[in-house]
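Let me give you the structure first, and then I'll get to my questions.
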Amino acid sequence: MAEKLAYLWPEVTLFLATCAVMVIGLSPSAAVRRLCPLISGLSLAAAGIFAIGTTPTLADGAEGLMPGMLPYAKAIIAAVGILIVMLLAGTVDRGEEEELAAGVRKFDPLRLTSGEFYAFFLFSLTGLMLTASADSLIWLFLALELTSLPTYVMVTISTARSRAKEAGVKYFFLGALGAAIFLYGFALIYGGTGSVHLGEIHHQITLQMAGDGLNGITLAGLLISILGIGFKIAAVPMHYYTADVYQGAATPVTAMLAFVPKTAGFLALILLCSAIGWHYGETGHALPDTIRLLLWVMAVLTMTLGNVLAILQTSMKRMLAYSSIAHSGYMLVGIIAGPGATFTESGISAVLFYLLTYGVMSTGAFAVIASLERTHAERTQTGELAYDEADSIEAIRGLARAKPLLGWSMVICALSMLGFPLTVGFFGKLPLFTSGIAAGELPLVIVLGINSAIAAFYYLRLVSYPLFDEAGDEAGGFITTPMRTRPAVAAIGAVGVLAMTVFAGPLMGLAHDAVQPKLHDSDAPIADEAMPTEEAEPVAAK
Amino acid sequence: MTTLAATELADYFPLIVIIMMAVTFSVANVALTLLLGPKRDGKVKSIAYESGMNPIGTARKRFNVRFYLIAMVFLVFDVEVIFLYPWAVTFPNVDRLAPGASEWLIRILFFLFTTVVAYLYGYRKGVFKFD
Amino acid sequence: MMISPLLAAADTAGVGVAPAWVLAIPFLPMLAVVLTTLCAISKNKTKLPAWITVGCLAGSFVVTMLAFMTLSGETNTVTAWRWFDLSWGDGVGQQMVANLGFYIDNLSLLWMMFVTGLATLIAIYASEYMEHDVGKGYTRFFFAFALFVFSMLCLVMGDNLLLLYLGWEGVGLCSYLLIGYFYKKPEAVAAAKKAFIVNRIGDLGLAIGVMLTFVHFGTLEYAELFNSAQLQGYIAAVQEGRAGDVPLMAQLIAVFLMIGAFGKSAQFPLYVWLPDAMEGPTPVSALIHAATMVTAGLYLIARMLPVFLVSEWALPVVAWVGTITALLAATIGMAQFDIKRIMAYSTVSQLGYMFAGLAFLTSTGGVFHVVTHAFFKALLFLCCGAVMHGFAGQLDLRKLSGLWHMKGWRIVSVGMLIGCLNLAGVPFTAGYFSKDMILAEAFVTPGYGYSLLGWVLLLTAGMTAYYTFRVFFRVFTGPVQFEAGDEHHGSDDHGQDGHAHEDHAQGHFHPHAPGIRINAVLATLSVLAVLAAGLYFVSPDKHGWVGDMLEESTAHNVYTADHSAAAMFVIDGDTHGAHGHDDHGHADDHAAHGAHGGSILGMDPHKVMYYVSAVFGLTGILIAAWAHGPKGLVSGFIGGRVEAGKCRMDGVAAKLGPIPRWAENKWYVDEFYHFILVRPLRVCSHIFHMIDKLLVDGLVNLFGYLPRLLGRGAQPGQSGVLHGYALSMAGGVGVILFIVVMVTL
Amino acid sequence: MIATLAQAGFPEAMSGLTLYHYLFISAVMFVLGLIGFVTRRNLIVMFLCTEMMFQASGIALVAFSRFYLEYTGQVFVIFVLTVAAAEAAMALALVVLLFRRNESLDGSVWSLLKG
């Protein structure tokens, strides 16, 4: 426990902050309530600092197959988390707080949700960080659920409008379905390998592969759990909810959905696949055929469907939702390619790097949308105040001239998401291509290339509308939101894209170091003396 | 860890007997009432039984939201017991002089701390206010 | 065969590591960019942005001098950080590494010094010059100014071609932003667009050149490139007379780089943007369009000289184009009336000189001229700017006269005189020495008709002297007469017309003499321009201080090898002296060098050129004095001009028929371009438009249509109904599992 | 192979019952849950179906736990139960909220967002 605590300080920090936020969010004093986002942000900063200080190598090798991933993953989670919390600040209870301030309504803790909102956000990020630290299936399952459950609530309470409720109901029920599916997969993996510890599972799978191949239960478990985790990353066929939920939730929450569950899913996939190992197949550098084929099919379908559906959208949030699906498809290529000796050959470091770049640029783009709203709030049927956010792409026509900060932020973020050369999005996507080629997945890389071209169709709209178009009638109806942090996040996102472009090298280096060479050294024995479950061998029965 | 003794099905025999008795008793009661009891329907008889009082308003009335809150709070606190149980079973067997033995206590105290936080939250939210 | 000095140098000369403080040189301007941005965000209405910029640039200059004192003579690199590393192996050509690193050798130090130094001075000047625009515009100006200096330093200091390319694009962008600074003036916007578009052509060449370099040599870093066995092999091959052994691609690299250089440095036929660029504020014209950015092309060639050497055609083309540009721009300059435009054409013309100088295989001459020109041309522009500032935008030399005699204009006049003397190449000025060096080399270097070019350049020198002093005599001497311009600096926001010319509208125009900051800058620059002549005397045996500096850089290493290398391209076969010369290595003295190369009228060209060019220059001045000079002491000869708008030249011009008018209209080059390029392009574009409609649009539409079709096919799945989703998910999981299992098991 | 493993794991006294039986039950429950989830419209029933799928995993876990004669699987089940309880609480809250909005528990009422 003590040795685990050594690298769990970020999570502990976040948890304590959660407790604090949950309680003070219900304070009768508005000033105290307003501290919630601040505390959340500070705790994330502290967690980030703790994460950087974490020693990447753990004392015993069984703690997970990628100890090097911990500090990197947690640091990027904390960094993007701070951006998101700035964006979230003031999202819920806005009308409520205004009425309280105006004295229209009396303080009623049951009507206020800000405490829960930030607490749930921190819970979700705690879960996300725990996902990175997971060393067993139980831990992984709990971490994934801790990541997801709060987001269901956050989506539902994010605005007073009914579409948030619709988003919530779809997200929750389909999410429960997804969770049930990967839980069943985990159960079967445990059955097939006799252990829930990823290190031991790796050992058992290696043994099975060396023998007759994976046994049926293990294989079924792996396939089902990968499909189930597909829900978190919005991969086909588990992607259906994405667009509806992204559109229905308040934009800041959408920005969070684009980063948090996706990151959790990819960390889980990396852990699962590293438990399988990339040393099978004809070349000796691939996942087992079946798993590889599954991911292959998912990758191709995910990026293609995401892109072709994104083209048809007129709602920016839906467009970005489908593009988020497509980005997951791109990243699956990295998972298939697996780790490699250099940064360009390592699909895993490509994914880790891409998660960071995607997190920053998508948060920036969503922040631009979140910064635009209509002047007046409306009352919903249940009597709460709701603000009409920008959604239609018409809202950003001529934005670069009308509101240069927001317009240019959108242009920069969209160009980067497109993968325009010499933006960080380009540096993010390039290693996905090169690692795919290095892994011999040429057809997949070609699909990736075609999809990147298709993506230009809609991303260029996000570039040309603000930049070259005159503002239309629709665009005139929007003003910059009075919440100062949102345009700030847009600017930080854009500056972040530029800064990451300039500092691409060091960041790539970090992503590369996060994937320790231990991974592709297939013969590295997994230290199994630390397995308490080891004693109960099946044959030892009776 | 000690070796597990295989459980015999026979060990569960008393349990099965109790279950069977319970099932038999309840089924027999219902069946006997149906068979033997007089059947007379009436307007008064079909109204909801409220301890002899005349019911006020409709039964489809909305419950106060606090009922649901209590239900949820109950659910959460109830589940916590699941974790206390294995701990309580294991704790007496822990060698108190062994290094790290105190961790056993610290763990459960941390766990209870989270419960306290949840209680505090519920309290401030006004879940326990019945007015 | 002797060992090439470059080869020898490569074996021994390691590339050292510069101390990290050198990084402050580019990053201080970047700091200024950030701070001015913050000023813009905080809507600062003071002169703070100017002082921030001046402070940072001065700091940058101080660090540069420090670097010069400690690092000159060595080749050092310093890596700020690895920008990206996309290597896929350790082999040659598998390493795609770009460092944000800086290459400090004497060549880059030279550029760094005059870029930071001039930028600091001109920023001080601009802080007063742009005063009328304090507020949003002021901040915007200094933002772009600082960004320009940062980009220029990246261009000059970058240790790889990629960074050079980024800097190249960066200075282009800043130039675009600053030319179009008065964005409410249609001419300014048009000029900005023109500059942008013409530069695109050059930039495309550069991009292709950089790409080919990577493809061919497998690296973009100078240190690796210059020391690569491949390039060394080519140079050796050229020296041994096997120029044919150099692959076509290696030869093409230089050609494409050259196109890039022509675009940025405004050489024929891509020079048309530079005169129009004078629509920008004068400090910008001085810094960007006279002293620094336009020399980027020269820097590129000087930096990549080893690569240019292995190309059979690149350098001769450079020589010819440079000479043609010099002559053409000079003829146009002679007939212009707008003093800023005259200076612009003279810049184009002098750039032509520098290119020719580089091509005559004496990087020393070319680079020396870059340095001296930077100072005196900046001085000239700033003087013109002071005039423009004071006379409400008046730039027509027919409407200004006698500034020398006006109160408060003495420093401007003296500065102008010093600048003009330099530009005209009057003996013992800096311009004289640097120009002579180029001219002499034209006769020394064997090459395709280089001696003809030499005579052309001499003639141009005379013309330069004429038009330079035409300006001086017309504007600064003679009777005091002036008319106010019709604009207030063409500024966009006229919030504060606190100037003397405010009452211009009422007809009482008072010229607004320059203030202390402008005068101080002009005085400093004048002194520097005078002192620059001293550079020649620092080590005369190596062609002056610049030669001394370049001796240690790659631009010079080839210098000693040059004549044998050039021998390969010589048509007349006059190469007898070349080989012996190489054995002297770096230490060969001036005379020995000259004796081998060639001759003018049978004498050592370097010595004879002192006299010949002086004669040409003085003749030009005398003609100017005769035609435009004021009524003065030698009244018989000196023009006797008594009013601003009339002079003896009018009579001469009348006799020449339409030629002066043609020259005034810039030989109708713009119209010609319009005719041969824009009009046919329009016709072509119509044709292409048709083809586009039919074919390309069809393809694009098809390409766009297929995804749309797919999307429409998939859209019904997104029905929004929870059960539909659940069914699709469960079904999808089932189907995919089935397929995967069936296929692989 | 599974069959032999299964027989090795389970004691003779339960001779009739192998791991297979438990896995079969668990699979049937899982699939029934899935089918129920897909076919039912009532949100509460749909949620109960997911609970059934969770418990199907629970059965499998306990069966494997017994099979390997260790407690890990059972510990897993405890955690699964906790998560299921948390989900149940959320489902309850959500269902109440939705019912108040629309006076209906039919999931297909919520289909405004689409495309």
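Letters A, B, C and D mark the chains in the order given here, with residues in each chain numbered from 1 onward.
Definition applied: a residue touches a chain if its C-beta (ideal position, glycine included) is under 8 Å from a C-beta of that chain, and two chains touch if they have at least 3 such contacts.
In this text, all values refer to a predicted model and were calculated from it rather than measured experimentally.
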What chains touch chain B and also chain D?
A
Greatest centre-to-centre gap (Cα means) from chain B is with chain C
Taking contacts as defined above, which has more of them, A-D or C-D?
A-D
Centre distance in Å when chain B and chain C are each reduced to the mean of their C-alpha atoms
84
Measuring from the mean C-alpha position of chain A to the mean C-alpha position of chain D, what distance in angstrom results?
26
Euclidean distance of C-alpha centroids - chain C vs chain D, Å:
73
Chain A to chain C: how many Å between their CA centres?
48
Which residue numbers or ranges of chain A touch two or more of the other chains?
169-170, 173, 177, 181, 243-244, 312, 535-536, 540-542
Of all residues in chain C, which are in touch with two or more distinct other chains?
715, 718, 720, 722, 726, 730
Residue list for chain D, restricted to those that touch at least two other chains
11, 34, 37, 46, 69, 75, 86, 107, 110-115
Name the touching chain pairs, please: which are they?
A-B, A-C, A-D, B-D, C-D
Given the complex, residues on chain A that touch chain D span 137-138, 141-142, 145, 149, 152-153, 156, 162-163, 165-170, 172-173, 176-177, 179-181, 183-184, 186-188, 190-191, 194-196, 212, 215-217, 243-244, 247-248, 312-313, 318, 381-382, 533, 535-536, 538-542
Give the list of chain D residues in touch with chain C in this complex.
34, 37-39, 41, 46, 107-108, 110-115
In the complex, the residues of chain A that touch chain C are 169-170, 173-174, 177-178, 181, 223-224, 227, 231, 236-238, 240-241, 243-244, 289-290, 293-294, 297-298, 304-305, 307-312, 342-345, 422, 427, 430-431, 434, 438, 453-454, 457, 502-506, 508-509
The residues of chain B that touch chain D in their complex are 4, 6-10, 65, 68, 71-72, 75-76, 78-79, 82-83, 86
Given the complex, residues on chain D that touch chain A span 1-2, 5, 8-9, 11, 23, 26, 30, 33-34, 37, 43, 46-47, 50, 53-54, 56-58, 60-61, 63-64, 67-70, 72-73, 75-76, 79-80, 83, 86-87, 90-91, 94, 97-98, 100-101, 107, 110-115
